[in-house]
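Below are the structure tokens for one structure; questions will follow.
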Amino acid sequence: MDAKTQNKTARAKTVPAKPVLAKPAAAKLGRPSKLQLDDLVLANKILFRFNIVDAFGHISVRDERDPKNRYLMSRHIPPGMVTAKDIVTFDMGSNPLTHVDIPQMSERYIHGEIYKLRPDVVSVVHCHARPLIPFGTAKGAKLKPLTHMCGFLGCGVPIYEIREAGGMTDMLVRTAPLGKALAEVLGDKSVVLMRGHGATMVGVSIQEAVYRAIFATENAAIQMQAHQLAVGGEVEFLSDEESTKSSKGRNVPRAWTLWKHQITAGR
Amino acid sequence: MDAKTQNKTARAKTVPAKPVLAKPAAAKLGRPSKLQLDDLVLANKILFRFNIVDAFGHISVRDERDPKNRYLMSRHIPPGMVTAKDIVTFDMGSNPLTHVDIPQMSERYIHGEIYKLRPDVVSVVHCHARPLIPFGTAKGAKLKPLTHMCGFLGCGVPIYEIREAGGMTDMLVRTAPLGKALAEVLGDKSVVLMRGHGATMVGVSIQEAVYRAIFATENAAIQMQAHQLAVGGEVEFLSDEESTKSSKGRNVPRAWTLWKHQITAGR
Amino acid sequence: MDAKTQNKTARAKTVPAKPVLAKPAAAKLGRPSKLQLDDLVLANKILFRFNIVDAFGHISVRDERDPKNRYLMSRHIPPGMVTAKDIVTFDMGSNPLTHVDIPQMSERYIHGEIYKLRPDVVSVVHCHARPLIPFGTAKGAKLKPLTHMCGFLGCGVPIYEIREAGGMTDMLVRTAPLGKALAEVLGDKSVVLMRGHGATMVGVSIQEAVYRAIFATENAAIQMQAHQLAVGGEVEFLSDEESTKSSKGRNVPRAWTLWKHQITAGR
Amino acid sequence: MDAKTQNKTARAKTVPAKPVLAKPAAAKLGRPSKLQLDDLVLANKILFRFNIVDAFGHISVRDERDPKNRYLMSRHIPPGMVTAKDIVTFDMGSNPLTHVDIPQMSERYIHGEIYKLRPDVVSVVHCHARPLIPFGTAKGAKLKPLTHMCGFLGCGVPIYEIREAGGMTDMLVRTAPLGKALAEVLGDKSVVLMRGHGATMVGVSIQEAVYRAIFATENAAIQMQAHQLAVGGEVEFLSDEESTKSSKGRNVPRAWTLWKHQITAGR
């Protein structure tokens, strides 16, 4: 391919595919509830606004109409550009039931496989948030809860090494087995770091998954500072009991109220 | 609770409670002065604008109508969303005298107990400002005044370890005894750090409390850099005399003028 | 020169030169394609928006009309101010074929000399992005791929020491020989760091060159954090195979779609 | 003073004094040239926009009408709020010749005393830019030029220790002798760091002084990163010859063009 052709190809690729309307078979599903669509679109915007996702990353939620067998997530576009029309319905095999003729997230197996192993999980975020990366790549580093906003980290934060599941890959969780391996490393925890890649966090609602994505990232940024300030000395983390106790309460809805306000007000 | 129910519950919780108008008994109090309400609302917005508070944190002020027995603070909402209608009047036991049927800040005891012990204090800020956290958690670290803007730190910055007052908790100062313990650790100082939580600072006015919150945070961010640059070597702080002398002057009103201008201009 | 004169001179210099229309000889070239002009102008705005360039730095692209012999780049103005009218056509000797009577980038030889040695390269970015500087100046530091977004760093990131090519200079690549030396240090790689100066990155399209500039900078910022967190310990980078495999795929067009959206929406 | 009174006093102080029109005697001076006023006001806005100054800091320029005997600087307000009406004319003793009945910058002696000792200097910036503080307080740290944008640092960056000139003070340069001592420590250099306070930089024009303030701050931020990346190892700075050579050229007007554009466009 010569330079001229390469240039044209690259440009052509950047034209985003248009959303394809649901096919007749998929149409039987009907539309997800407006409330759930609105929350999912808003979640995409919040994650983008707070630099949890950039052009990459995604959030899904179990489909209220059939939470055991289906989930909702956007088609293959940047989260900051997602609208209700871009929300695709997937089965738990991560096959699209709507929008079937257009590109989908290659890493959708992260979502489907976690929902299979974790009936308690209602929403999943996958991201490359910058402050989380060092904790998945610096040997010996451990992400731990520094404040009561992050008690959900107290149960431990495992690290997914894709080499163990798939050898030398392009680092993407682009098959069901790789997704299943990730779900197994996550286990019953809230967050799993992914070496050389990013992180995935789960919640009992869209709101909780978003909260955990934002505050895990906050915790990581502050924890790096704390270690540097301690210069080899100790940092005091929440105890297990403090983590458990501080994980309850009104934090999630209060934070969501603000974030929704900020997005709605265009800030 | 199954996934579907959990999801609905989470969403329901995010609908903010509507402010309830003052009850007949409370109505006798009348309204706080417009000037004081305006300053308190503005202070909330400034603290939010400068990342001192996020969805959490609060600022209070002694009620000008009865400063010995009452203080003003917003109801349980994010500071960036506070309006004059959300300002609640509390007694020094931190019982709401207005807005009695809606959720209040669980940590309002921080405010009431400090006012009881510190007659000189007119305003109190509680926050989770990011750069302050490491100084409360890295063992051996001490927040000290690096520049003349932060002379108020020169008298020392104590650290509140809630375990000493309450054992293993959810980290929140949600009772009068926990608030009193905090007030005692604060003593006659300007700022108290709270391990695994954040910080609380006081002032002779709303303006001074806000100034101290913003500049204590600035000092923390710069001090971390100074220690890293010194790499184990020494950092030169203000002497006690320099701290005392530089604490006087026109800094607070000048900074407030700018902050007010920025909020008013929507920047 | 006395103070008064100096002050006037300094001010006079700040009046930007007006773009001169193409001369008759150059006019024969006609205008570059609107599509290519639009992409190049947009690339300038994106690089500015993401702090890859400030008042300085530039991006060029081979001219689609004659990619072997010509390239396009803005005249001597800050990238954030570039419009289609400011795009100059250069020959591979970096002589302007249009806009010939006004100041040009003194470092245009970076572009011309790389195009001469690298027929596969279609676009070149030169920048002073802040996080890249330390990797070119801290002895022993090596910029390496931390995540799959930055597989293009896996082939190695050489450092250009201008002293070897030109002795003690003003650090600028302001001659063809200095540009050729830089192109030779770059070799077949994607990015070359320039000691005491910045970096230069190449791509098979404007989109890829911009992508590499933004993500090389991201990688540098995160890698510094990872080394600090590891405190002398090891950091796990992508293996060569992981780097190669993760360099393919849909990352570039997806990111470009977002960036274009952000600039168009004025964000 | 009881709490109630203190609160009122604090609020009263925040009402900014209104600019007083020039007195008859001062009126003889006439108005400074519109061009110079515009540049000085713009410089205030640029310094604020780039976080070189916050509510504090100031910039002055020799008065074109009588550069040996007078200089211009704003009255005592935050730089981000300065308009042409707020520009005061001072004599070299730092006495206001206009706006005589309102508060002036207590540190105006920094400006007057430097002009007295440095006939080549046309403009002076005093600031508390955050990244510069550590270099004035971490023992053994030295601010040195990392890139060709900062060649002006190559001649050395002295540190002013106010204790040597004034013993234990409030850290402010509020007298002519303290200002003279600062000017003497500055000597023939471009920038002087002030321990526990900030920095002062000079230039042959408003544009150059602003450029030096912004890029000295950039250099400091990057240099801290470089030292951390080197972890006790060496960092390669510009040589003396590289510093000298790179200090010439078109950098200042090009940067000013952008900054002016950004302020004018409200960005």
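The first chain written gets the first letter, and so on, giving A, B, C and D; residue counts start at 1 in each chain.
To be clear about the criterion, a residue touches a chain if its C-beta (ideal position, glycine included) is under 8 Å from a C-beta of that chain, and two chains touch if they have at least 3 such contacts.
All values derive from a computational prediction rather than experimental measurement.
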| item | value |
| --- | --- |
| Between chain A and chain C, the fewest steps along chains that touch one another | 1 |
| Centroid-based (C-alpha) most distant chain relative to chain C | B |
| Chain D against chain B, contact positions shared by both copies (same if over half, else different) | different |
| Turn needed to bring chain A onto chain D - CA fit, degrees, nearest 5 | 180 |
| Distance from chain C to chain B - Cα centre to Cα centre, in angstrom | 46 |
| Distance between chain centroids, defined by C-alpha means - chain A, chain B (Å) | 33 |
| Multi-chain contact sites of chain C, meaning residues that touch two or more partners | 227-228 |
| Pairwise chain contacts, counting only pairs that touch as defined | A-B, A-C, B-D, C-D |
| Chain D - residues contacting chain B, complex | 3-4, 6-7, 9-11, 13-14, 16, 54-56, 76-78, 80-81, 103, 106, 128, 130-131, 133-135, 137-141, 168-172, 195-198, 224, 227-228, 232 |
| Contacting residues of chain C [partner chain A, same complex] | 35, 39, 61-62, 64, 67, 119-123, 145-149, 151, 204-208, 218, 221-222, 225-231, 233-239, 241-242, 245-246, 248-262 |
